[in-house]
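The letters A, B, C and D name the chains in turn, as written, and every chain counts its residues from 1.
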Amino acid sequence: MSSINPRAVQIEAEVVSNKKVGAYHHMVFSVEGMAASARPGNFVAISVGGESTGLVLRRAFAIYRATDKSLPAGSNGLIELVIAPHGQGSTWLASRQVHEKVNMVGPLGTSFGIPTEPVRALLVGGGYGSAPLFGLAELLKSRGCRVDMVLGASSAGKIYAPLEGKRSVSSMTITTDDGSAGLQGRVSDALPQLIEENESEIIYSCGPMAMLQAIQAIADKYNLLHQASVEESMACGIGVCMTCVVPLRGSDGVVRMSRTCIDGPVMDGSNVIWDSQRRIPEGTWGA
Amino acid sequence: MSSINPRAVQIEAEVVSNKKVGAYHHMVFSVEGMAASARPGNFVAISVGGESTGLVLRRAFAIYRATDKSLPAGSNGLIELVIAPHGQGSTWLASRQVHEKVNMVGPLGTSFGIPTEPVRALLVGGGYGSAPLFGLAELLKSRGCRVDMVLGASSAGKIYAPLEGKRSVSSMTITTDDGSAGLQGRVSDALPQLIEENESEIIYSCGPMAMLQAIQAIADKYNLLHQASVEESMACGIGVCMTCVVPLRGSDGVVRMSRTCIDGPVMDGSNVIWDSQRRIPEGTWGA
Amino acid sequence: MFDFSTKLSSSTLSNPILTASGCAGSGKELSQFFPLTELGAIVTKSIMLKPRSGRATPRMAETPSGMLNSIGLQGPGIDLFLENDIAWLQEAGVKIIVSIAGETVDDYAALARRVRSLPNVVGLEVNISCPNVENRGMVFSCQPDTARAAIENVRRNVGNDLPIIAKLSPDVTDISLIAREVVSAGADGLALINTVLGMVIDVNTMRPKLAQKTGGLSGPAIRPIAVRAIYQVHAALPKIPIIGMGGVASGKDALELVLAGASAISVGTATFGNPTAVIKVKEELKSLLVERGFEKFSDAVGFAHRAESN
Amino acid sequence: MFDFSTKLSSSTLSNPILTASGCAGSGKELSQFFPLTELGAIVTKSIMLKPRSGRATPRMAETPSGMLNSIGLQGPGIDLFLENDIAWLQEAGVKIIVSIAGETVDDYAALARRVRSLPNVVGLEVNISCPNVENRGMVFSCQPDTARAAIENVRRNVGNDLPIIAKLSPDVTDISLIAREVVSAGADGLALINTVLGMVIDVNTMRPKLAQKTGGLSGPAIRPIAVRAIYQVHAALPKIPIIGMGGVASGKDALELVLAGASAISVGTATFGNPTAVIKVKEELKSLLVERGFEKFSDAVGFAHRAESN
C-alpha cells in the first residue's frame, strides 16, 4: 500500500502576489510551515470557485518554488505557483487578489529523485510544465550537477522561463510550435542533439502526456534514466478516489493501475506504460 | 393574459457604491436608462454567484430609489437597493465591490397605485420592506399627500430608515420586537392608534407575508384601501416559471393562482387570499 | 453557408433551438427580450383539458446547480389556451410545438383532436410524465403499457403530417425500453428528458420545502443524466429524432446533447437565470459547429457515436 | 449531554457519520488529516473476490455541482484486502463497515463468508449496484429478482449479529419496491443512494469523456434525488435503518437526509473537495441538532415525516 505524502497538511493560504507573465499567472502564497516540507516535483491541491461554486473538485498545481529557510525566523513560508488560466477553476484561481485566501492541501505526491553523485541532467518542460523544473535545477546545481534545460510550448507567450529561474542552468533551449521563440518544432525534436552535445545522463521532464511519451522513446534510445512528472485528471489529490491512475510497472515487474497523486506525479518513465488512455494495457494486474 | 412590465430590459449594471448600514447593504448601481422607467414598487432581478456558481436562479430586490432626471444630461441613471445578506445569493451580492458588474433585469412588476387626489397615506414596512416605501413617500408628497410611516423589525439594526429618506414623511414610528428602538412590539400593534390619530385613508405596505396579512385585517376593520407588496419565492421574475403565485381575486370575482412577479408584487390587499401557503384555497379557479 | 436547419420527422425548423415546455410562459413574456421568430419553435407549457390551479406554494426550491419545481401543470385549459396563447403566437408568426398533458388516456385523445391541424403548429409534444389518475397516480411514461396507451390514443387522432413527440421521464430503470414502446405505438420523435424526481427538506421547519413534498429537478445538475439518456436512446433508435433538454445553458451544453443524438434542443431552467439564454445558446452552438468544420447542423447529430477508429 | 450515537440494526455506533464506499481510499490516506476513530465507522471501498484493474482512464469528469466516475471497482481482491487494509484499520481501532461487490450471485455468498466474523467489523454493506455478468450486465439492484437473489445469498452466509446493509441504485422506476424486496430477502438495513448513471461528452474530441462512456454521478447535484429516495423508502419501511448518502458536504446537508429518514450519513465526493469534510459534517450536524432542541440524534431520524398538525 503506497500512502499519501506524510508531510501533507491542509491550510488557508493567503495570496501574497499575483502577476501576469506571458500566458500565465505567477502567484505567491503565504503557507505557514508547508514550504519547509516541499520538495521539487511535489504539488498542492486547491479548492476553487468560492462559496457558492458548482466546482466540487480540487485543482492540482505543481510547486514552482518553495521558500522557507531564506526568510526571517518566525515568518511564514512561501509557495509559488504558475497558473495557466484554462477552464473555470484555473481562471478563478488566477483572478484571486492579494490578501484573499484559498484552501490548500500540500505538499502532495512524489518528488524528483536526486542522484547521490553529481550527474549531467537534462530538464525538459512543456508549457507550465517548466514550473517544477526551476526548483529542481537549483537543487541539482547545489549538488554539483550540470543542468541543461529545454522548454517547449505552442508559442512564445506560453514559455515560462523567468530570468531568476535561469540562474541555475548551464544552457537553456526554447522551442515553439509556431517558431515565435527559439527553435521551431517540438521539444522532442531538439532532444537528441542536446543529449549528445551535453552528454546528458538523466532526463527530468514535466508536461503533457504525449510529450512525456515521446521523451521516453528518446530516453530508451539513448539508454538514459527518465524521471517524468505525469499529469492525469485528479479528483482528490490525496489518494482516496482512484481517478488519477496510470499503468505502472512495480518493482515486482507487475503492471498495476497506480495513483499518480501518490505514486506520482514523478514516476520512473521507463516503468510507465505510456499511451494507455482509454484502454487497460494487456497483462495489467486484475485486468 | 397579464404580461411582464413592458419597460423591462436586461443590462450589465455597474456597482457605484456599496455601504453597510445596520444589518443591510445600501448599494447603488449605474443602470443606463433603466432608472427612468422605474416606479415605486417595481423590483429588479439580479444574477448571483458569478462565473462558476451553482446558484441558477435570479434574486429579486425592491428598488429603493431610482434617480434619473436630477442627473446631468447624458449620464447614466442610478438604481439603489437595500440588501439583507441572508443566504448565499444575497451575501454574494452584498460583497460586490465598486466597479464590478452584475446582470440585472428590470424594472419588473407592478408599482404602487397613486391616488389622483391628495390623500392621507400610512406606509408600513417590515425589515428591508421599508426600501420601496421611501420613493413612494416622495412621490405621494409631491402629489400633496400627507405621509405617515411606521417601520418594524426584530431589532434596531434591522430598521432601514436613512435620514434623507425621512424628508418626505410627516411622522415616523419605529417598532422592534425586542424594544431596542422605538416601541416594543410589532408594526401591526401600532397601526390602530396611528390610523386613528392621522386619519389615514390608505395603507401601503411591504414586508413578510404574515405582517401583510395582519395589516389586511386592520385595513378591513377600518375599511381602508391597502396596497401590499407581497414576497413569494421567484425563480425567474419575468412571468415564465409560475413559481411565484398567490391566490388573487380578479375583477371578475374569480380567485386565480396569480404571478406575483407580473400581477405583483404590489397587489390590492383585499384581493389577496392570505395565509394560503401550503394549500390551494377552496374555490380557486381550476382547483 | 452553414445550414442550421433541422428536421423533426415531417417538420423542418429553421434552427434547432426551442424553449422547454413550462419554461417560457405563454411566449409573450419572452418576446420583450428577443423576437420569438429567432427560435426554431416555441414549445408551449403542457396544456390539459380543463383549467387547473396547479399546486400550492412553495412550488420551488433552489438546489446545487439546479432547482426543484412542483407547478402541477397550472393552466387555463385547452379552450382558453387556443383562444389566447395560441392565437397570439400564430399572430406573431412563431412556429409552435404544442405540449399536451392528460390525467387519463382519453384526455390525451381529446387534446390531440383539438390541436391536430392548427396554423403554425409544427409538432405535438405529448408529455406523458404525468400522474395517471386511473392508475394510483403512477406516471404514464414510467410503465411501458401506460406509455404505449397514451401515445396510441394520440396517434389515432392525429394525421401523419403533424409529428408526435413523446416526452419521457428519466425516472425509469430502462429508458430505451420505454422509448421503443412509444415509438412502436406511433411516436415520430422523442423529447428527453423531463425533470428528475427530487425533494428538499427545509432544515428550519424540518419538513419538505415544497407544499407537495416532491418536485422535479432541472438545470445543469441533471445534464449528465440527460446526455446519458439521449445517448442510450439514440443508440437504440438512431432514426428517431430527439428533442434534447436538461440543463442546457450554453452552446457547449447544447453541443453535448447534439453529439449524443439530439436533433433539437430545448432550453428550460436557464431562461429563469437569463431571459436571453435561448439566444445565447443558439449563437454559441452555431459558432462551435462552424469552428469544428461542420457544414450542416444535421451532420453533428449523434456524432459522438461514430466508431472509435475515426 | 447530547446523545449522538446511532444504531444500525444490532450494531451501535458512537456517531452517525461515516465515509462513503470508494471515497476514502483504504482509510490510511485520510488518517493524516484526522483520527479515523472520530468516525462512526469507515465504509471500505467495495471489494471483489479477485484483484481488479478497474476501468481505463479517463475515469472522471467534473459536472455542475457534481462529478462522474467510472473507477470500475479497482481493488486488490478479498485476500490482500483482508491482509492489508482491514488489518491496518483493525490495528487503528476503527469500526469498519465492509462493502462487498460481486459479478455473480455466488460471488456475494463467497465474499460474505470471508467477512462474517472479523474484529471491528460492525456491518456488511452489500453493493448490489453492480453489473451482473450472468445477466447481460444488468445491474443487480435494478431488478427485484436479482436484487433479492444477491441479498438472500449473503443472508444465508452471515449470522444475525452482523447487520447486512443493501446498497441500492437510484436508477429504478420504484426504489421502494426494490427496498421491500431486499428487506424481505434478509437485509437489516439499506444504503441509499449509489451514484446516478450519467455521461459527459467532451466537446473537443466530440466523444464521451470517460473511456467507458457512462459513469456514476455523485456530489451535491444529486442530493435532492437522495433525499427523495430516503424519504420514500423510510415512509415505506419506517423501521429499517438507512445509511443516507448523496451530495452531503455540510451539517445542513446531512440534517436534510436525517430528517428524511437516514440513521447514519456517508460522506463521499465532498472528501475529494475537502479532506476533512467528514469532520466538518459531524460537528455541524451536532450543533444543528442541539440548536433545534434534540437531545438524542435518533429523535431526528425521519422527523420530516411527522403529521402536518404538529
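Basically, contacts are C-beta pairs under 8 Å (C-beta built on N, C-alpha and C of every residue); 3 or more make two chains touch, one makes a residue touch a chain.
None of the values given here were measured: they were computed from a predicted structure.
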Most remote chain, CA-based centroid, reference being subunit C: A
Distance between chain centroids, defined by C-alpha means - subunit A, subunit C (Å): 46
Rounded Å distance, subunit A centre to subunit B centre (Cα mean): 55
Subunit C-subunit D separation of Cα centroids, rounded to whole Å: 34
Junction residues of subunit B, two or more chains touched: 54-55
Set of subunit D residues in contact with two or more other chains: 64-66, 219-220
Touch-based graph of the chains, sorted into line, ring, star, complete or other: complete
Residue ranges of subunit A in contact with subunit D within the complex: 1, 3-4, 6, 8, 10, 47, 54-58, 103, 105, 232-233, 235-236, 238-243, 245-246, 256-257, 262, 276-280, 284-287
In the complex with subunit B, residue positions of subunit C that touch it: 22-26, 28-30, 32-33, 45, 50-62, 64-67, 69, 71, 74-77, 84-85, 88, 211, 219-220, 249, 269-276
Interface residues, subunit A side, partner subunit B - complex: 48-55, 88-89, 91-92
Complex contact set, residues of subunit D against subunit B: 64-65, 220
List of subunit C residues in touch with subunit D within their complex: 63-66, 68, 142-143, 171-174, 196-201, 203, 206-208, 213-214, 217, 219-225, 227-228, 231, 247, 252, 255-256, 259-260, 288, 292, 303-304, 306, 308
